[in-house]
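As structure tokens, the structure follows; a few thoughts come after it.
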Amino acid sequence: MIISAESVWKSIEAIRLNSPLIHNITNYVVMNTTANALLAIGASPVMAHAEEEVEEMAGIAQALVINIGTLSSRWVESMFIAARTARKRDIPVIVDPVGAGATRYRTETVRRLLQATPPAIIRGNASEIMALALQDASTKGVDSLAGSPAAVNAARGLAAEFGGVVCISGAVDIIIGGSKTVHILNGHPLMSRVTGLGCTATALCGAFAAVERDYAAAAAQAMALMGIAGEIAAKRSSGPGSMQFHFLDILYNMKEITIEQYLKAEMLP
Amino acid sequence: MIISAESVWKSIEAIRLNSPLIHNITNYVVMNTTANALLAIGASPVMAHAEEEVEEMAGIAQALVINIGTLSSRWVESMFIAARTARKRDIPVIVDPVGAGATRYRTETVRRLLQATPPAIIRGNASEIMALALQDASTKGVDSLAGSPAAVNAARGLAAEFGGVVCISGAVDIIIGGSKTVHILNGHPLMSRVTGLGCTATALCGAFAAVERDYAAAAAQAMALMGIAGEIAAKRSSGPGSMQFHFLDILYNMKEITIEQYLKAEMLP
Amino acid sequence: MIISAESVWKSIEAIRLNSPLIHNITNYVVMNTTANALLAIGASPVMAHAEEEVEEMAGIAQALVINIGTLSSRWVESMFIAARTARKRDIPVIVDPVGAGATRYRTETVRRLLQATPPAIIRGNASEIMALALQDASTKGVDSLAGSPAAVNAARGLAAEFGGVVCISGAVDIIIGGSKTVHILNGHPLMSRVTGLGCTATALCGAFAAVERDYAAAAAQAMALMGIAGEIAAKRSSGPGSMQFHFLDILYNMKEITIEQYLKAEMLP
């Protein structure tokens, strides 16, 4: 796994050049903002959830993003159909277990999905990752666990169980893939006051995984871009409202030199 | 019922300190913007509507906000389940009867909900409140009725029938609770050109009711904060687009001194 | 068909004066942004999709906008019910075939809808219009076809088949109604980096058709307003984030002199 300004930039250029089609089955809250973030980096978002068409849509996409933020039974069925199609075509599936641990329905739905179609990348906060790994809800909302040995062990267990990359986002983003671990130290606390920036991170993981087959690298690059854009946006913003448009403008105008200047990543042995 | 800068500020501080979890079953149009407004004032929004999980989600929330803006039968079932759970747990239920009077389905669904689980606060515009009180649609869209004796009588009747607080929002917001009435004179006409600021007011009522058990006071405080933030945002904005981000930035940065300076409230005997 | 600054302005004034109620059955991604655009120009948006109420809602509206961006079977049923009601009442129906050609479900659903209730206006990009006309998906995503003879012929065929106006949006917007064709040369490439501006164009077609019974003129006026506002917004913006709020502010503040200054339209013989 490589995480360097050069590798982040190479993937951004590939996204801008190829405009990969990212099929999102995601939650109502963030559909607009994640579509805009994908457009801002040069990808082509499509949102489609009807069981009549998800197989066909996943059949022409370069990545599939599944986000359970406002799940219900019909949507869950479509998530399974789309994920099977994506696996068959060998395109990356990215899973965002929004609110896992908050209700049994969320935790169990995601675990069933992971078992049926192990994803390329799972991205969640510490409490969601722990809820998935431990299969209970005792960690509900305990975001202070981010970066703790318990959260990292949970992510490692999940990565081992399903064979994919696990990304815990927080003050430090931790990406665990195979035996390697990367820490992304970029970002800003104001990002947590804007709804759905975690979901945006997951969607960007989809775009990066569409152009970078080393999914751990793709996840690390996406989190780096998120963190850098968030950091710069926060400096320019008076609050979470202006944060949102600055963030999109910065994604759209991102330059290699900015990534070189801002990137703070650590590769752990 | 107290409405003073001190009481508004005390509730804002309590929200910032405790980050109450506000469970929203709301409409597609405003999910993103109401989540952002709740985050901006320091609350924790969650959107969940599946019948498989609403009982559990309402079971960990500090307030439940039900908004029928884009209702359909499955969602209505979940609203009833969540409202029953909230009542059982004695957490406040806030109801926004969006479009009551426009179709029978809306008017009747809200009346059934009010009868099954009388809410802490109902917040609507004059025509919605009159449609609910009179159970017909003859007042459809008659927002000029805001503040009229007819609208106030309708609100009083509704408050008496269901035992909760009724808030009519408009150029003057009228909060009716028990025998007391409060007028909030803050706000700006540009607010009506931004979709869903009424829904945001309802969501903020949820956050305030989560920390202030006098629900009439909570509703008045939420409407005061809305009006003050809207007034300041309108001054800084060139139109309804910039209004939106200024509004969130102002909510996020609100200070006690600003509330003292701007609050225009009248308590009626 | 007339397209002049005077005619665009006359319709804008009529929208501001009459606030026509525009009933939208549209996709989750753009509900908020299209509602805001309609409010910014002075129209009254309502979003409603439940089969229990769409007949009644379409029964009080001045135009119906149907957008299949995130279609599913229940929503499609409601689209048919609402479209029948609108036809019966002789109010304009505007159809946005988002993603036609990408999946059979989309192409076939829209064709069934066009056959059951021929709309006043169909607005799509070149590949969507070609997919509808040719009933296959071989043109999928081929936006470079915009303005090509093949796309124009497809639009002409569609207009002849269903008797309505067809609008192909792209770098040049082409409006085909009866034997007349109008080109709108306004707009800016940055508009394609904001999700849902095509859907906004469709919604604005609804508002213009509510006040202008010559639907080809209404479509051309709406596209002209879109293009002019987009052009000015792009100049003021650092990227697709700030583009969004500038666009709404500019719609809200639009003046006749600005339209006179910017309008670039060509009427073809």
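Points to keep in mind about this one:
Order of writing sets the chain letters: A, B and C. Residues in each chain are counted from 1.
The rule we apply is simple: a residue touches a chain if its C-beta (ideal position, glycine included) is under 8 Å from a C-beta of that chain, and two chains touch if they have at least 3 such contacts.
Remember, it's a predicted structure, so these values are computed and weren't measured experimentally.
With chains as nodes and touching pairs as edges, the resulting graph is complete, every pair of chains being joined. Residue numbering shows that subunit A and subunit C use the same positions for less than half of their mutual interface.
Centre-to-centre spacing of subunit A and subunit C amounts to 33 Å, using the average Cα coordinate of each chain.
Residues of subunit A in contact with at least two other chains: 28, 32, 244-245. Put simply, subunit A touches subunit C in their complex at residues 28, 31-32, 35-36, 39-40, 45-50, 52-53, 56-57, 60, 74, 244-253. Partner subunit B is touched in their complex by these residues of subunit A: 27-30, 32-33, 69-73, 99, 102-106, 140, 192-196, 237-242, 244-245.
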